[in-house]
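Note that the chains are named A, B and C in the order they appear, and that numbering of residues resets to 1 at the start of each chain.
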Amino acid sequence: MDEQRFAIGLLLPGALWLLLLFAVPLGILLAISFGYTDDLGTAIYGTRLDNFEQAFDPVFLPVLLRSVGFALATVVLCVLIGYPVAYYIAVFGGRFKNVLIALVVLPFFVNYLVRTYAWIAMLGDEGLVNGVLDRNVQFLNTPWAVIGGLVYGYLAFMILPIYAALDRMDPALREAGKDLYGGPWQTFRYVTWPHTLPGVLAGTVLVFLPAVGDFVAAQLLGGPDEYMVGNLIQQQFFAAENWPFGAALTTVMMAFLLIWMVLYLRAAAREAREAAA
Amino acid sequence: MSEDRLRAHAAEPRASAIRFEGVRKQFGDAVAVERLHLEIASGEFFSLLGPSGCGKTTTLRMVAGFDQPSEGRIFLEGEPVERVPPYKRNVNTVFQSYALFEHLDVERNVAFGLKRRKVADDETRVRVREALELVELTGREKARPGELSGGQKQRVALARALVNRPAVLLLDEPLGALDLKLRKQMQVELKGIQREVGITFLYVTHDQEEALAMSDRIAVMEGGRIKQCGSPEEIYEQPSGPFVAGFIGVSNLLAGVVQNGAVKLASGDSCVADMPSDCPPGSEVHLSVRPEKIWIDELEEGMVEVKGTIVERVYVGTTTQVIVELAPGMRVTALEQNTARVHSHDRWRIGDRVRLGWHRQHARVLR
Amino acid sequence: MSTTETRPGTPGPAADAEAGARPAPPPRDFDRPRFLKVFTGVFFLVLFAPIALVVLFSFNSSRSLQNFEGFSLRWYERFFENEALRDSLIASIEIALLTMVVATALGTLLAYGLVRARVRFSGALNVLLLVPLVTPEIVAGVSALLLFTQVGLELSLTTIVLAHITFSISYVTVVVRARLASLNPEVENAAMDLGATRLQTFRLITLPALWPAIVAAGLLVFALSFDDFVMSFFTTGESPQPLPVRIWSAIRFGVTPTINAIGTFMLTVSVITIGLAIALPRLLGRRESGLGVLLGRENA
């Protein structure tokens, strides 16, 4: 078919690019996870599972678990902070809705590094807060500093989907809820929350995925005790020069995330099917 | 074309603009058009009429070149068009959604086809102006489609197609999105334009009044087949089957059995009628009579008669529909015009027993 | 809110009730969002405080992060006088421009092909398209690094550009595809009906109709590339390095006010770019804003 050939011709360059420069490298990543290094440190392909075993041994397993833990904490905090803000803007924003949501998004156009650096500037030993309090409180190099940095870094990804879901929701539903349930909390629990749950889930995925692999926050705001899997991986590639191990760590992380992605997509598809029915 | 061909072509009295030979179109398992044989003469206003899904739009798209027939051949001005892509065919289409180019102004929209053909600038300007005059949109050259009303967009679409002087103009329910009054107005205008320009029009619609009003010939389609093809009068007065009779205008369809040269209805009435050859005694048929052909009570000599009780009277301004029950489940609608002399609501009341009659030749026996 | 005001001359509430008026419902918490208002206010404060700090102190005449001693542009001078930093800035801009051009072109064509072609592998293509969007940057960065070293390509600006284009294509395709889906497909048929070949139709009719989406996507890609750190970090060569990588090294070494200046500068660039992405489509004569185009109608 003429149209078919034309369309296929058009999509080929982009598709090939993605195939060769994205899919293939992922394959290489997977392949090298099974490899090892020789004495010179060169990576060699193999079929060993050593790297995977090592990834789960007592030295490194805590790091993996910590990454998941931090990421989960980040998600929870993002919801706790992001939902009320999204709610206020969507429901009470009125004419200023667009301006307010733009203001929420604006800081996220500052480079992530600079934003994280800003927290160092604020909370560091020489930072503003310590200056104002005229004390020397240790804010940084703590787990909460890292989590805080993560929250600050990814909050917008939680607020936007929730805001979109709230904004799309028919206010009449809340009114009906008020009449039916009488109290604000019940209305929220039985009407608003279920309705905006897809938005919350979307936000969760958008925050959790990058947060697990983040290394900037841990590196800049924390110390070795706060290192996440991202820092580990980065170390393997730059300091320890153990690429196969780094690749294995990356693969493990990716596999872990993939499971959640698939579950989320299944749930979303089921939602869509039920909504259509 | 070779010289002999050219001469033969010129010698033909009414050249064929479009010819379908055994055309069939299948989408996967679904057959949209089945064994289409049709010839449309040059200069005709030809309509494809039918309900949604009957295949009329698919047929049009095959002429335009957007779809290829699964089987069969299509000929444009005598030439087969299988291998010819839409941009090389000498046809132009007016789309139901107008499909104007939003980023170009009216003038550039209309000039688009000419520019593709590398027509010189000055000639383009003249022809665009003429086309806009034809559709009564002079002065709106610089407007953008977004600023125009539905009716105006329709005119631009028409001008954009006509300016190229195609052999055939294809129109896909072009008036569907307009309100009733505008639609009626545009119908008259379109007919006038077609007469003036002399181009063959292939018009697709589901509105039977529209088709009857504008066409030289109509093909009534259903389920991918042509049920009947003929002039508006033929289609209306002599429907070939129950579908056409029911689709075109309003018709009473009375079920009955052929007996002694008449149709015996369930009500007991025996209606003399002109029998077609394929209806032997005992066949189950429908007797089709148009409401406006039925007289109430004051019948003429020789009319076919039935009796019944008035069950409903519907006043619709110009006419009054009187619904008479001949037997349980068998109802006939008769139409009386509300002229100055006759006021139906004075004459008949619900519950009255009346006689209905029609001339024998106004009823058709259909299988 | 139910305060009964009595205008002179009108009967009081009692009379109203008698006249059959309903009593006003008691005000509920949602109608007076005091908590939410305060919360949001504090939120914005905390959100902007660090950024305000960075911007403010980029103009500080002293090194201190605690006292603002006076207005000065010295840190900006330091920034622009530093040869390595200047090179980095130029490198970042070059990378972003190249990425923008190539990714936009490839992404647009991919979007068109995906929407118009009805092939069996479009499902797989869809996945291929969406995976980069959900892949954590570290994974993409590591795999890009592996690819380049395995192929024997030396790390340089080129490798950075290649990596950036790879993750940018998907953004463009998603934005353009949403816009394409909202276009009337009959318009392309109309163009062909009037004599335009497929290529002409694409050039004269489809592309202009897609233009707002393409511009918005392109600018988005520019901003993403200019700000990118992780991908660049894994695929950069020795020198020049893109600005964010330099910032990283600088921060590792300790806090210096020059970073404030760089940060503020980058913020300005990003804001201007996104502002253009939103405003340009409107300025170019289209009626929709870039924001609407970027957010697309996908989720509608």
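The criterion applied here is as follows: a contact is a pair of C-beta atoms (placed from the backbone, for glycine too) under 8 Å apart; a residue touches a chain by one contact, two chains touch by 3 or more.
Keep in mind that this is a model prediction, so the values were computed, not measured.
Trainee: When the mean CA coordinate of each chain is compared with the mean CA coordinate of the whole protein, which chain is closest?
Mentor: Taking the mean of C-alpha atoms per chain, the most central one is C.
Trainee: What chain is the most remote from chain C, judged by the mean position of CA atoms in each chain?
Mentor: Between chain C and every other chain, the largest centroid distance is to B.
Trainee: On a C-alpha centroid basis, what's the spacing between chain A and chain C, in Å?
Mentor: Each chain reduced to its C-alpha mean, chain A and chain C end up 16 Å apart.
Trainee: Using CA atom averages as chain centres, what separation in Å is found between chain A and chain B?
Mentor: So the centroids are 61 Å from each other.
Trainee: For chain B and chain C, let me know how many angstrom lie between their CA-based centres, rounded off.
Mentor: Chain centres of chain B and chain C, defined by C-alpha means, are spaced 54 Å apart.
Trainee: Residues touching two or more other chains, restricted to chain B: which are they?
Mentor: 85
Trainee: Indicate the residues of chain A shared as contacts by at least two other chains.
Mentor: 2
Trainee: Of all the residues in chain C, which ones touch at least 2 other chains?
Mentor: Not one residue in chain C touches at least two other chains.
Trainee: Give the list of chain A residues in touch with chain C in this complex.
Mentor: Listed in rising order, the residues are 2-4, 6-15, 17-19, 21-26, 28-29, 32, 81, 84-85, 87-89, 91-92, 103-104, 106-107, 109-115, 117-122, 124, 126-128, 130-132, 152, 155, 164, 174, 178, 183-184, 187, 205, 209-210, 212-216, 219-220, 230, 233-234, 237, 243, 246-247, 250, 253-254, 257, 261.
Trainee: In the complex of these two chains, what residues of chain C are touching chain B?
Mentor: 184, 186-187, 189-197, 200, 205, 208-209, 211, 287
Trainee: Would you tell me which residues of chain B are touching chain C in their complex?
Mentor: Going through chain B, the ones touching chain C are 64-66, 85-88, 91-93, 95-97, 99-103, 112-113, 116-117, 146, 160-161, 164.
Trainee: Give every residue of chain C touching chain A within the complex, in rising order.
Mentor: By the definition above, chain C touches chain A via 28-30, 33, 36-37, 39-40, 43-44, 47-51, 53-54, 57, 64-67, 106-107, 109-110, 112-119, 125, 128-129, 131-132, 134-140, 142-147, 150, 162-163, 165-167, 169-170, 173, 198-199, 202, 223, 227, 229-230, 234, 244, 247-248, 251-252, 255, 259-260, 262-263, 266-267, 270-271, 274, 299.
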